[in-house]
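Here's the structure we're looking at; comments come further down.
The first chain written gets the first letter, and so on, giving A, B, C and D; residue counts start at 1 in each chain.
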Amino acid sequence: MMNEFLMISFYGTAIALILIGLYATLAKKNLLKIVIGLSIADSGLNLLFMAIGYVKDGTAPIFSAEVVGKNVVMVDPVPQALVLTAIVIGFAVTAVALSLVMRLYRHHNTAAIDEIKNLKW
Amino acid sequence: MNSLILLLILMFGGALFAFILNKFVPALRDIFVVLLMLGVSYLFFSTGISNRLNFDVLGIHMQWGFTSASYLFGIIVVVLGSLALIYSTAYMKGKDRLGYFYMNFLFSIGAMLGILMSRDLISLFFFWEIMTWSSYFIVIYSGNDVDRRGLKYMIFSAIGAYSMLMAIVIVNSFIGSFLLEDVFASIFAIGSGYQIAIAILLMIGFGVKSAMMPLHVWAPRAYSESPMSYTAVFSGALSKMGVFGFALVLFNLVSTQNWLINEVVAWLAAITSVLATFYAVIQSDAKKLLAYSSIAQIGYIIIGLASNTYLGVMAGLFLAVLHAVFKSTLFMAVGAVERQVGTTDMTKISGLIRRMPWTFVATLISIIALAGLPPLGGFVGKWMLYEALITSGHYYLVIMVFLSSTAAFLYSYRILFGMFLGQEEPEFAHVKEAPLSMLIPMLILSGISVLSGSHPGFILEPIQSAMASFGFQSNLPHESWWELTVLFNTWGDKVALVNVLTSIVGVFLIALAFITIKGYKNQRYVTTKDISSSGEIIQPEDNMTFQIDFYKPFERAIWPLLKRKIDDYYTDFGKGLEALFDFVRRFYNGNGQFYAIYVMAFLALLLIAGTKYFGF
Amino acid sequence: MMKRFFIFLILAIVGYYIVDVVSQIPFGENRVNVGDYYLDKSPSELKVSNTVTAIVVNYRGFDTLGEVTVLFLAATGLASIMFRRKRKGEKDIRAKKASSRIIQIGSQILFPIIILLGAYVFIHGHLSPGGGFQGGVIIATASLLMLISYRKFKVNHSTISWIESIAGIVFVLLGVTGLILGKTFLENFLPTGELNNLLSGGIIGIIYVAVGFKVAAELTGLIDTLLLNNRPEANKEK
Amino acid sequence: MVISPVQYIAIPLIAAFLIPLFGKLNKELVRIIPGLVLLYLSYISVVLMNQVISQNTMIVEIIAGWRPPWGINLVFSPFSGFLASLFSMLGFIIWMYTYNFKREVEDAQTEKFYVLMMMLITGTIGIVLTGDIFNMFVFLEITAISAYSLTAFYRERDGAEAAFKYLLVGSFASFFILLAIVLLYSQVGTLNMADIAQKMPDVNPYMKGVILMLFFVGFGIEAEMFPLNGWAPDVYTQAPGPIGAIFAGMVVKAGIYGLVRVIFTLFDVHEIFPLLMIMGVITMAVSEVIALRQGKLKRMLAYSSIGQMGLVLVAFGIGTHEAVFAAIFLMFNHAVIKSLLFLSGTYLVYHSKEKNISDLDGIGKSLPFTSFLFALGSLAIVGLPPFAGFWSKLYILMAAADVRLIAVIAIILAVSVVEIVYYFRVLHRIYFRERISTIEIKIPSFNAKISMLILAIVIIVIGVYPDLISGLIERAATDLLDKQHYIQSVLSVGLH
């Protein structure tokens, strides 16, 4: 019961975040909102990955002095490591995106994506 | 080193070298290209037809070597090539980008030799494409409206080449080999639908180069606006590559069950020749006239090939050789006029006979050959063609050929009269005869035309061995189908051509001498404007040159036929495509968000389709 | 409106499939995967108590090298995107008004503490939760604090690029040293020490410290570049 | 130190971190170091490729001492090694071109340009060499971030707009690939590609399908597949010229490598091949058709590049050995030829603001060498003999004919006619128009000429003698199709 509740809340939140982020990216006109949408979707994905790595009643995968030698269940450490990487990459992309937004705003005096159409066809 | 490879290396390497030489020592360029071509000709003639070269490229087996059929065409190529290059040295003097011109000239000759020596479809296509782009580069070398003209040539060549390529890969997928022998041997084993498709696709490819009916629209402008020294080769030799290809296809890839293909090709060729002749008649520019005439003549050749009788094929090949000879002479002559006078508009020029007598002689001989008058070769060829068509029962085709060769008299006359006869305009009084290096090639070729009339045997001999290599065995009643100077016909009559020739020439010479001596004292030169004796006052804008409106009635008569040019349909089609393409372009509307939506929509589609249809 | 409806439709389809697929993944179940191997080996062979760190720096250290590179590239790319010729007499000022005294003094007090915390986090990366990235980010927050409270606080970009470069080179060279010593790239060549000891885990600790420095320097530079360019007069430029 | 594949990554990284420091010492070092690095990479390519071909193996290098599937590994197989060698050598040639390019740009920017350019190349090499799916994602991001920044490199163009579009769509690509990796990990519990390929048959088909579709879209974006390639033309147009060459020559190729590696090795589902082929045909037809209607040179080249990628996809989609051979051959040819076109085209429109094709009128007289190379490249890309493009096109057609895809052949050839039309239109303008525009002309520097000349010579030599390279490509095709060999070679490494 508890487990199912956790499952629904974790998976549900993650997927909801993903969809919200994607919606913002696809439907919002403002460049900043689009970038934010991308970040939200990334967070949702990271959360999803963490949730997949969860093991019932698991502890953090750290062999501190208290747990050494005892038989404890630990959660899967791989998603955590990968999510760390993914977060950093997401951060880097966001930083570049923001700088592009600043330059676009300076150049076009607007942040609406449908008015920035110098390149087409 | 194998002489075949040496031949190609000399040709292509020499072409590049000519380009570089032109950059650094332009003075040596002319001598170099002529010597190179002569050297290549020597090498060509010393290479026998037994020489075979086998090698593999990318796992594709290839074979090079001449057969007696391709050797025949090879002779045309090297002879015309050498003469045209000699002609070029004077004709092209003073034009710019000569390195570019000669490089592409030599490339295209080398590519033609390559086509002829290919015994497999891949190298055939390989050299075919080299020939295409090198000739294209000369087509756009000079003249106006380069964009349209060049593009038209390139588009049609590309369509032709690619349909050829399609046929080639399909053949290979069935037979597993590109070698012509293998293809010929096992083509009839594959399904007949594919068989027909392959033949048609290949013929589209060859039809473009030989300017067959619906695919001919590139030809008039391309022939007429290239430098004449190249057009001599272009119309004389390069279009014969298409004929060569037709011969390969018609004799080897079309089975006797598919006789309809032969009929259709023959009829298309007949229509080509009639329409092109009509167009030729109404042209006022000599170059364009000759261009249309070329298209028409190749029509006859293909009728001959498609008649699929021994005599017909022989006539076709004979006309092919002859056409190469006289049409390149004519182009050279017109080129000489163009160079000396500055225009080829027949409504402006007249009376050049006194200024350029030798050019006139060459033109006269070639025109006689073209019109098919006895005693020259054209008559022999046409005779054989008629006979072949009649004996095989193609009466309607005979009518078509007859119609077009009769109409051909009209333009033959026009080119002769328009440029050389008639009154002499004062503005052309300063015109001089063309330089010797232009005259010599013309006169040599005219000489060949004369010989072809009196001694057709020397052309028919290689043709007969060529036909043997195409698979036509002489199974006709006469042991020897020809003798050196005598032409037989199916009914066994003999026509001693030398006697005919000598008697006609004799009469001609006597008449000429008579007219000259008799009329010499009485003649007085008047210009075309000088008709004040009739009491009419001539305004300066009235051009009284008589060839201007002479053909009006004829033009009016055939106008319904020519009103809507095929060209216009192609243009409309192209416009429609462009509009469609512009519509497609709107997909990229510039809004980055839309691109993201496309991505998501594509993913959604894939997820639905993927789970439903891809069987996951 | 059509567009929005269309987007809803697409997202509904994609969402349906994601939900469908994810709900087939059993939650909280201990699956057999490479993680078990890491949990087994990292305390026994590497003597690293934080398995995540062991994975990040050792097992999948190559990823981390790439990750550091991504950050480095983001900093470089951002500087290149924001690059602008300075006009004459232009000063590097971030805001028109200085912030209030309370914030200034508060940040003065907080600054060393935050730096200390960051340093602690990346030095103990192999023992406790945290590591180079986390520590570096914490340090960068400290400089962000200073940047927003002091109008004239200057970040020395030359120093930053030195730190960045040296930290990056240390990382790669540690990897290459393994290669030179006849082992593989990024393989541990130092004694591993005792579990739960500060000096354990061989090169893992050193690498994480280098990463910490690098991340801190890069983020600081990044923030500074973004802030410097966010001035009204910069917006006028076309 | 023994030469090993990891140096492809390590050496450029050291250099990238060092360049800012050397920039303080001497401005010239900033330009020289990337060249030395790429030269060294070309050298190790030759050594490693020789080793792989002569010993008939693949080099699998483990990293951090943990053998697969636990550690990350680099796989220098005939296919990935061929691409890595191609990228490093092409990279060196493009570096040679950039050496004197835009000297007027500030030093600070020059430094960043070279760091980003080198990392762009390294990222693509990493994508093809890595044997780990998550690591591939990381390298994809390295490539992507350098690409975004380089696209927006010039302030005076609309680079930022193009870069933002690229970033937006590229983020979707990363998102889908990462989502696919997450789902894949939840199913097979490993990230090593060989291990995944081994465990793949156990995954339930529905899951497999969804994951494959996510990968397909993700890598399809990088491979410029049709409805996903909205970013591509803008990016090619706005990026600096040599970077356009890198995009066409390497970045796209890396995307295609990812796509085919996933499809052929990881999943090995043959049902996807028709989809790949159909998408290839659509991509090719649409973009070549649009290229015909372009008024701007670089945009035309961009659409042409997309079209060629479509052709590559068609060939991979046919999926026979011959077709894969043709596809890899075309990838090689396209990398060389399109680089030449971008490099020479850049100088043709160097000072032109709008980069219109009409600015090229009569430029052949002023820039004979560059125009000549551009013409040569045009002839080669449309597949006219005797240049390199001909053989790959021929092989694709042969492969298609062998499986009786007559319609596909017809479409490929029809599109080739379109291609001929728009390339020859440009050539007309270059050579047979009078020069009217008053735009200043930029004569290429000596090193730029040399680099273009090298590419041109490669095109001609391969065109006349394709067997020079066909052995390598043959091995690469065999390697891609032999999934079991890949799995065994990777998983047996380090077992002692």
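The rule we apply is simple: a contact is a pair of C-beta atoms (placed from the backbone, for glycine too) under 8 Å apart; a residue touches a chain by one contact, two chains touch by 3 or more.
All of these numbers come straight from a predicted model, not from anything done at the bench.
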- Per-chain Cα centre nearest the global Cα centre, belonging to chain: D
- Of B-D and A-B, the pair with more C-beta contacts is B-D
- Task: Could you tell me the distance, in whole angstrom, between the mean C-alpha positions of subunit B and subunit D?
- Result: 44
- Query: Using the average of all C-alpha atoms in each chain as its centre, how far is it in Å between subunit A and subunit B?
  - Reply: 70
- Task: List the centre-to-centre spacing of subunit A and subunit C in whole Å, with centres computed as mean CA coordinates.
- Result: 16
- Note on the structure: For the pair subunit C and subunit D, the C-alpha centroid-to-centroid distance in angstrom is 30
- Item | Multi-chain contact sites of subunit C, meaning residues that touch two or more partners | 3, 7, 10-11, 14, 17-18, 22, 25, 31, 33-35, 38, 60, 63, 66-67, 70, 73-74, 77-78, 81
- Touching two or more other chains - residue numbers and ranges from subunit B: 585, 588, 592-593, 596-597, 600-601, 603, 607, 611
- Query: Multi-chain contacts in subunit A: which residues touch at least two other chains?
  - Reply: 22, 25-26, 34, 48, 52, 78, 82, 85, 89, 92-93, 96, 100, 103, 107, 116, 118-119, 121
- subunit A partner contacts - residues on subunit D that touch it in the complex: 134, 138, 141, 144-145, 148-149, 152, 155, 158, 160-165, 167-168, 171-172, 174-175, 178-179, 181-182, 185-186, 191, 233-234, 237-238, 290, 293
- Residue set of subunit D touching subunit B in the complex reads 161, 164-165, 168-169, 172, 176, 205-206, 208-210, 212-214, 216-217, 220-221, 227-228, 230-231, 233, 269, 271-272, 275, 286, 289-290, 292-293, 379, 384-386, 390-391, 394-395, 397-398, 400-402, 404, 406, 409-410, 413-414, 416-417, 420-421, 424-425, 428, 431-432, 465-467, 470
- Query: What residues on subunit B touch subunit D, complex-wise?
  - Reply: 56-59, 122, 125-127, 129-130, 132-133, 136, 140, 146-147, 150-151, 154-155, 158-159, 162-163, 165-166, 169-170, 172-173, 578, 580-582, 584-585, 587-588, 592-596, 598-603, 606-607, 610-611, 614-616
- Item | subunit B partner contacts - residues on subunit C that touch it in the complex | 3, 6-7, 9-11, 13-14, 17
- Task: Could you please specify the touching residues of subunit B with respect to subunit C in the complex?
- Result: 597, 600-601, 603-604, 607-608, 611
